[in-house]
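Shared between the two complexes below is chain A, which has chain B as its partner in the first and chain C in the second.
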Partner chain A sequence: MSVLPWLVAAWLFGVGVYGVATSRNFIHLIGCLSVCQSSTYVLLLSLGYRWKAVAPIFYDHPPGTLAVDPVVQALVLTDIVVGATITALLLAMALRVDAKHGTLDPQELRPLQGEGH
Partner chain B sequence: MSPRTRLALLCLAGACLTVPIWKVAQALPPFGAPTGAYGPAVNALGPPLRHVSNMVSAVNFDFRGFDTLGEEFMLLCAVTGAVLLLRGTRGESLADKAGIIPGRPRERRADATILICRIFGPLTLVFGLYMALHATVTPGGGFQGGVVAASGLLMVYLGEGYETWRKLVRSRVLDVMEAGGALLFAMAGLSPMLTGAAFMQNVLPLGAFKDMLSGGLMLVENVGVGFAVAGGFAMLFLEFMEETRALKSETQE
Partner chain C sequence: MLTQLIPLVVVGPMAIAAALLALAHVLPRYVPDVIAIATALGLSAFCGLLGAYALNHGPLTYWFGGWTPGRGVVLGIGFGVDPASAALAAFVGLLFAAAFVFAWGYFDEVHAHFHVLMLLFLAAMVGFCLTRDLFNLFVWFEVMSVSAFALTAYQLETPSLSGALNFTVTNSVAAFMMLGGVGLIYARAGVLDFEALGKVVAGAGHDPVIAGAFCLLAGALMIKGAILPFHFWLSDAHAVAPSPVSVIFSGAMVSVGLFALLKLALQVFGASADSRFLMHGLFIGLGCATSVVGGLMAWGQRHLKRMLAFSTIAHLGIMLIAVATLSATGVAGFLFYAVGHGLVKGALFMIMGILLATKASVDELDLKGLGKDIWPAGIAMGLGGLLLGGGPLGALDTGTRLVHAAAIAIGPLATAAIVLGSALTGAAVLRATGRIFLNLGPDPGDEAEAPSQKDQEKADRPLWLMLAPCLLLLLLAIVPVDGAKLIVARMAGVLASPRSADGAPPLPGTSLVLPCLSIGLAIIIALLDLFRERLPRPLVSATAGGTQIIFRGLKVLHSGLVGDYVVWIVIGLATFSIAFAFH
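Let's look at the complex of A and B:
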């Protein structure tokens, strides 16, 4: 039972990678990448969780109350915000690919050719 | 590489990794009983040393403030990259008209939508500001508050339509917010060095515990992050919306 959170994280990462590898559409691929990223949230938050502990905010509870790990929470917090902007960057790239090549299928794209040598 | 080979390779890698993952999962500390000493140390030292009650903010802006500076610049780079890709191909010219897809009927916005957006748009904005301002006291902070405040702007778009939204949200202002926020964070790190202190050392008065103005330098960094995040998210939305607008050449015909 105590290994369940780690296995959930591994499974989330696995299905994300499967989606990335078999994707036929860049938008779908970016979604799969977000799933991969979510696995890190599950892993980090599970690593910091403590039974019968409160959130690491000592406003209603006096300082010294048993609280969960605030370091991993801070990591996940910044991860989510930065991850959202990275998703936007990737979507902007997908728009450019569609405008240039007329397709969103990664498997139809050829490697970039240099112009004249 | 054909899709079939790729899938076979993926299955092979997955099969190879299954046993190590299982071993690692069993070797990790049991769920609910972490063994790391860093988190408990922060929880124990944050209130007496920094007079703040939100330990997540204390980690973000003080104990690991240098790391957050890196995150801040990742955010700046990602937003800049996205804006560059979108704006670069479209040019800077702005036409205040929403794009129309030929053949799709244009329906009037329902009154209920307008009403709900007019009520909840300002409320969301105020809630975002509240979250950002109380970073060191209650759950929240510049990151969360900035995102919530930017979503308040989306409610304006939803309720009032594209043209009003464009009039209200100026991309120049968002540019300044995004870059100025990152600059403020970097300056908050550098300015203590002018007094002979270390980088990002908390030299400002710490204030009273559970007070909105507690935390000293954390408050400055928090404002920087709030501006950068709100500006960045609003700008991303603006740029993606601009992709759908009608070009000037199309609207004049």
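Let's look at the complex of A and C:
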């Protein structure tokens, strides 16, 4: 297996986290989070990849044909579903915040800070 | 026979949640409450039954779809019911039942969305406890997170939404880390079953990929378990969630996260020298730091729910110390501690709910002397504070003493951190009790106009209805549990090595000295804080200067900005890898 997918995954995670850490707009931040998540797709798919292998569907291949690992593909599929749920929930919350508060800047939306005394 | 019924623990609550969602608009008003309470109680009883069976006949395993392992290949996804996991699941069910009773009539709307989300949350937590498949663990982690995010934001006000956004973003990063860890270890092992993974890890020796997987998985679970420097989301989320939800968050969700870390460390990475190195070194240090910082932050809060949230962080630090020892005593101590802490903290969050419903505030200074007419809540809160502070009574105390016994090998610093953490959190609750219910302390004057938001929870619920589940939890928390020590020791033994049938080592005897020291310290700190004005002035100003600097520093760190929290997560992960560099 080539080292390239690992580097791509690490890079995607890194830029995603950088985006989340520096973002000044929640919609942008949610986009960065999705970038972060796509690093896990790349990682998982590259883990299961085999050179010169077919898709794991044996309808028109004899059993025993070298195929890519179907388990990681199932994992990625599950992860996409979960990711979509979370993104939808986050976007719904962000819209709600915008409607209530008129801003999407995390700096202006700090949760309540308990004051010391 | 019993094995075939295991999937019901997750299918049951989910099916009932779906049915409630479909039928809620035609059901009479309180029917969803009754159904939810019955489901949680039934689930708790069933998990208890499974646990008792597993204790006598060995752990049960259920393979979904009949995919039993064959010819040495584990392809299926299994639920493994060992006594400790089942007991924790039963406790979670009980806590949910109490929270449902407390939430009776809390939500006006007819669609029972609260009950649906809570039942989904319950199913996810039970699945999280019982699964023996790493990817399945991730799925339950996510289901648990999604329902928790939605429940945090339930009130759809600005504070709850911004708290929920911070919670969602940090815990999503945790999920990505976890998935990355799952991917890495799958790349090495080609299986996802705990037991099969454990065998591969045992045969691998020093492997950077496995070490990396452990770092990512541990980091993810420590975000869920709110360990320094991953803890920031907790105080934002727990402070703004509806009180019945905070009961579950603080009482069960976070400690279940640490339980998963314990299970992985024992069953998957048990034979890995790298993971042991990290657990015995860095993680114990993080546990100590979490305990002290959480305690200090709790003591410095005037927003009571935020104070309890930081107190939860402190106690999670203590639980991490127990987990990280990886010893039978530590594991048994963790099990007692998780249950005891869950009961006490659940009860305390219910009292916050009572204050919010009857007094429309959870600001300590704002509420000074206003608690006289709801004095039973004051007694309960005082008792909760004493138990948190280390009062020698019940499950939390048994757990604390076992953790102390396990931590003796580490050195006096760990012991001091545990004592200080529990004393400070106990002192914070006792101080608030004294101020609100006994009208102690100086008059706040202008300070009473709190900078914290006004918030009220639904007011027209009878006091006894809210107080009953709270008192029940406290009653369970003070029941002496020394008799259960033998059973819990066996549970801990099975957790460490599910296959071996040898008897568990007896738990060490424990002394009364440290609990008394801790509770004494808690009472003294609370009294000193309440009667600051009567102390000699030079003494006050000298100590005030020092504490001011510490609190200001800690407050700057707890910025409330999600970007900062994510940076802290990266710093935490970097610390893990730096620790490895010294291995």
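As a convention for this text, the second predicted complex is superposed on the first by the 111 of 117 C-alpha atoms of A that agree within 3 Å, B and C clash if a C-alpha of one lies under 4 Å from a C-alpha of the other, contacts with A are read in each partner's own complex, and residues count from 1 in each chain.
In this section, a contact is a pair of C-beta atoms (placed from the backbone, for glycine too) under 8 Å apart; a residue touches a chain by one contact, two chains touch by 3 or more.
Computed from a prediction, not measured in an experiment: that's the story for all the values here.
K.L.:
Which holds for A:96: it touches chain B only (first), chain C only (second), both, or neither?
P.N.:
Both partners, chain B and chain C.
K.L.:
Contacts for A:17 in the overlay, against chain B (first) and chain C (second): which applies, first, second, both or neither?
P.N.:
After superposing on A, A:17 lies in contact with both chain B and chain C.
K.L.:
Looking at A:86 after the superposition, I want to know if it touches chain B, chain C, both of them or none. Which is it: first, second, both, neither?
P.N.:
In the superposition, A:86 touches chain B and chain C alike.
K.L.:
Which partner does A:49 contact after superposing on A: first (chain B), second (chain C), both, neither?
P.N.:
Only chain B; A:49 stays clear of chain C.
K.L.:
On the A-aligned overlay, A:36 touches which partner chain: chain B = first, chain C = second, or both, or neither?
P.N.:
second
K.L.:
Which chain A residues are contacted by chain C in one complex and by chain B in the other?
P.N.:
17, 21-22, 47, 71-72, 78, 82, 85-86, 89, 93, 96, 107
K.L.:
Applying the document's contact rule, which stretches of chain A touch chain C when the two form their complex?
P.N.:
Against chain C, chain A makes touches at 9, 13, 17, 20-23, 26, 29, 33, 36-37, 39-40, 43-44, 47, 71-72, 75, 78-79, 82, 85-86, 89-90, 93-94, 96-97, 100-101, 106-107, 109-117.
K.L.:
Report the residues of chain B in contact with chain A in the complex, numbered from low to high.
P.N.:
3, 6-7, 10, 14, 21, 24-26, 28-34, 36, 38-40, 42-44, 46-48, 53-60, 64, 68, 71, 74-75, 78-79, 81-82, 85-86, 89, 137-139, 141, 143-144, 146-147, 210, 229, 232-233, 236, 239-240, 243
K.L.:
In the complex formed with chain B, which residues of chain A make contact?
P.N.:
Going by the criterion above, the answer is residues 1-7, 10, 14, 17-18, 21-22, 46-51, 55-59, 63-64, 67-74, 77-78, 81-82, 84-86, 88-89, 91-93, 95-96, 99, 107.
K.L.:
Flag every residue of chain C that touches chain A in the complex, lowest number first.
P.N.:
Residue list for chain C touching chain A: 135, 139, 142, 145-146, 149-150, 153, 156-159, 161-166, 168-169, 172-173, 175-176, 179-180, 182-184, 186-187, 192, 235-236, 239-240, 300-303, 306-307, 365, 447, 450-453, 551-552, 555, 558-564, 566-567, 569-570.
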